[in-house]
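Shared between the two complexes below is chain A, which pairs with chain B and chain C, respectively.
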Partner chain A sequence: MTNSRLPEQGSAGGANRRPPPPPPGRSFDWREAMAPSLISIVSIVVVFGALAWLITSAEQWPRIKLQFFSVDAMVAAFPRVLQGFWINMRIWLIVLACILVLGIALAVIRSLRAPWFAPFRLMVILYIDLFRGLPVLLLVLLFGFGIPALNLPGMPSSSLFWGSVAMVLSYSAYVCEIYRSGIDAVHEGQWAAAKSLGLTEWQTMIYAILPQAVRNVLPAMMNIVVALQKDVALLSIIGVRDAVREAQIYTASTFNYSSLIVAAGLFLLATIPMARLADYITHRDRVRRLQIGG
Partner chain B sequence: MPERTAFRRASIVLFTLLMTVLSQAFAEERTTMDPRLVTPGKLTVGTGDPVYPPWMLNNDPAAGEGFENGLVYELASEMGFDATDVVWIGQTFDQAIAPGSKPYDFAIQQISVTEARKEIVSFSQVYFQPEKAVIALPGSPVEDATSYADLRNARWGATLGTTDNDYLVNILGITEASIYNEQVDVFQAMRAGQIDGTLTSLPTALFVTAVQVPEASIVALLPPDENDLGHGLLFEYNNPLVGWVDNALTAIIDRGVVEDLKAQYLIADPDLPIITQ
Partner chain C sequence: MPRVQLSEVTKYFGNKLVLDQVDLSVDLHEVVCLIGASGSGKSTLLRCINRLVKVDYGDIYLDDVAITDSQFGKVGLHKRIGIVFQSYNLFPHLTVLDNLTLAPRKVHGKSKKEAGAAAQEQLDRFGMDSFASAYPEQLSGGQQQRVAFVRALMNRPDVLLLDEVTAALDPELVGEILGIIRELKAQGMTMVIVTHEMGFARDVADRVCFLEGGRILEEGDPTRMFSEPKHERTRAFLDRIIEAGRL
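Now for the complex of A and B:
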């Protein structure tokens, strides 16, 4: 083996000394490059074609098609579902902003180490145990129907408001724990270094620890952001006319489920870019950590 | 030729066999042993779970007390079934409208017949056309309403799966009603001050205001929506039993059975105000 290789290496070295030859026939290269994509395309067509044939040859398919994929019904349902989805988006953004702020505040309180913070730390632990331990659905029902029924003076009775409050309380418990894991992941030496510079505990947290902690948890946080976007649909049970509820209303009225497909499409349209963004942030984070490419 | 006679004999035997099988099958159609029934010998009927008065009393369809189960037992006896041969299957509204084969011969669940729904499932003829009633708590702005315009100014709620929301949209022009999963949620929202009023069929309204939410009351009646054809029995799409059941239904409607059941279970107070425009 080695014997037969050596002359080859020698000839390669010889080629290097000569001026580089013009690139040989590119058409051949193209074909070579195309082969894998061609194979992918053919296999995709075969596999999905077989699946499509299997599904559409089912005896019930024409009925299913009429009930789930009726274009007329989709067109008829679209305006209301889109209107509902706009409500989803607005609730999502407002609730998300509140969750990120409340979550970080709770995480900071829980991570401060001075002894006189003990009662506040305890309160945060109780808060997390309570709100992370209850299903969001239950919280939405209790807050959306329960609190307004108390008729507290000066309090809004809107189910939208109280449902959103329930979402914020529940999700900020999760988010607080994510932030805290990020804070815990910052090396102990950072605390010591900040202290040696004369920073107080509060300043250490704000200027030294938190910026690193937030960067640590960005990928995990993206997950929560996507999950929240879909969970906003839970508010439909307390009468908020979001995309899912609008789709259900159409279904209930006509027995046609195509409106649900419209809602599913809108959700995907919003969550898939989010997923790609999450991938990108994770990738960038990995590059930064492993210092790939400097 | 022995072969030919053998062949002829065999074909005659086969033919008679085929005829007996066929004639038996046809003879059994429209009898209690009809092979097209989900379980031949039984009449399998789907309904809500739980069921509510006055449609069915005491959450017990098999007891036969109530408008709808009373109707089913009359229908069953018209079709030749004993009362003990009626089998009830509880299901949610979503299960009732889900695609695919259904585990019952027909369902009865105050399901309104509409043209759009007929494309997905099959219906019997309409056996009852309820009026719509407005329900509100004392002090609600709909209490003093005298016109559709007054009603439009209020905040509305309705239950998913009913045609009540269609009524709000098509007749009253109210497009932003809050829609809840269950009727109990509608009244919870009403107590919480999130909605001013709701709309249900009159029999349901009578029961709700008498038993479930006594502090609420019927404040007005509304005329029927002509797009809502009324309640019908729901069948799987193109179920071959529709014709048979429809004939039986016609027979008991003609005998006045449905009118009697209405009088027994679904009577309204004649003094309620009616809003027509």
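Now for the complex of A and C:
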């Protein structure tokens, strides 16, 4: 060992170098571990308990309870409201599928740069300006009542059909813009690479850009999915017997509003899991981006 | 007969003159390096050759046929000129194999099986046979760039354009890419290379062109140019490079 002849070099010196001892261990203290969650639980119980006491001890509470939270009325209204809600869900799925397809088609037309697409690009721009600028409710009334009244030969005359068409047209305008932001977010180098390989603009869009764009916009799209889930209830205004309509019918004959609370509960039952799913997808997307960025 | 010939190529981005009547000819099997500061127009010049950038004035010829000629059609030019980019530009949603076979299948009408076999053969040749089913983000920068080389070579191009292909790589990964370029030179590939690796340019180039302000200020034999540049601007540029420890 030649080290012994060298002068002492502190902790950097070869053979004598030793790591410092481990820090004094602390045994697991369950009180310290549990205390924060205990405090949280106790404070939640205290605050919400106080609120509940405040509300239920109000002078008008028995009337409110009878009007909105009557268990008998809820049980009586439930089967019809649930049946209506099943219609909501079916309309939601069909309308959603149409929106996703129409939205992507519009976004592609709007994003292609070749000059002979100019008239179609202009049509899409006008379409978006029109349908994004009008209230959905107005469109539903216009389509749902107006078009069946025309008695067009060879066209469906159901309000449900035309009301759904109004929803599709309105939502597709928004969805188109979301897809388009996803297409714009794809790096310019991807276009250059595809072009240098000989792909046409159309092939580049289909095989290289769109798959990346769809992945880019998935979190934003989930919000649209959730919003649509409850906006389908707008169709009740044109007489579609969905959950809201069925609840209203019950209300009209009994003057008790508990049936609306039943419908509200069903909507929450459907939308809250969807919102959690949206959060999860957003989170996963963020993790993916951070990994690529690092 | 030069393989690639540029004649008075001029390009504006808006009102800004990026290329100012550039003449350049590249012979068969020749390796030409374009050097110069950022914004000197070297990358734009490179991208003009395969029409990623359309020139405003002037002509470019491949084997004496103008690259705008109808005989190339829509895809013929891209079959004969390959390009590799600084940031690889692999398609992140496709596996390595799909990245390689996309153009052969969709552009050149090969069957999936045929294109797949050709891609596998190229991967074997570059020692990357195990990467076929990996996605780009699972590979290191150097591996991704090697895949990008294979993708550019899938069509067996006559000319290869390299746009700062080592600039985005960690220093220890640069060597494997430079190795590939040397190997391609040994096989006789005609190449136009934009690079900041001056030492590499000196080794591999048959000719070096120094660009500034959209013009080729000086061109010549690399050994001569790096040791005794004629133009004072070239000298100033090389002095800055040496100062930065890059030569």
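The rule is short, and it goes like this: the second predicted complex is superposed on the first by the 263 of 294 C-alpha atoms of A that agree within 3 Å, B and C clash if a C-alpha of one lies under 4 Å from a C-alpha of the other, contacts with A are read in each partner's own complex, and residues count from 1 in each chain.
Everything below uses one rule, namely that contacts are C-beta pairs under 8 Å (C-beta built on N, C-alpha and C of every residue); 3 or more make two chains touch, one makes a residue touch a chain.
Quick caveat: nothing in here was measured; it's all calculated off a predicted structure.
S.K.: I'd like to know which partner A:Q212 touches here: chain B for first, chain C for second, both or neither.
M.R.: second
S.K.: Which chain makes contact with more of the residues of chain A, chain B or else chain C?
M.R.: B
S.K.: Answer with first, second, both or neither: which of chain B and chain C does A:L197 touch in the superposed model?
M.R.: A:L197 sits against chain C, while chain B stays out of touch.
S.K.: Which holds for A:S57: it touches chain B only (first), chain C only (second), both, or neither?
M.R.: Neither partner.
S.K.: So, does A:S37 touch the first partner chain B, the second partner chain C, both, or neither?
M.R.: Once the two structures are laid over each other on A, A:S37 reaches no partner at all.
S.K.: Just checking: does A:G189 make contact with chain B only, chain C only, both, or neither of them? Give me first, second, both or neither.
M.R.: So A:G189 only meets chain C here.
S.K.: Which chain A residues lie in the overlap of the chain B contact set and the chain C contact set?
M.R.: On chain A, the chain B and chain C contacts do not overlap at all.
S.K.: Show me the residue ranges of chain A that touch chain B in the complex, using the header's touch definition.
M.R.: Interface residues on the chain A side: 60, 63-64, 66-68, 145, 148-149, 151, 157-159, 237-241, 245, 248-249, 251-257.
S.K.: Under the stated contact criterion, what part of chain C meets chain A in this complex?
M.R.: Per the stated touch rule, the residues are 47, 50, 52, 74-75, 77-79, 82-83, 85, 87, 89-93, 102-103, 106-108, 137, 151-152, 155.
S.K.: Okay, in this complex, where on chain A does chain C touch?
M.R.: 187, 189-190, 192-200, 203, 207-208, 211-212, 215, 291-292
S.K.: Using the touch definition up top, name the residues of chain B that touch chain A in the complex.
M.R.: 93, 97, 99-100, 114, 116-117, 119-121, 157, 160-163, 165-166, 176, 178-181, 185, 188-189, 191-195, 237
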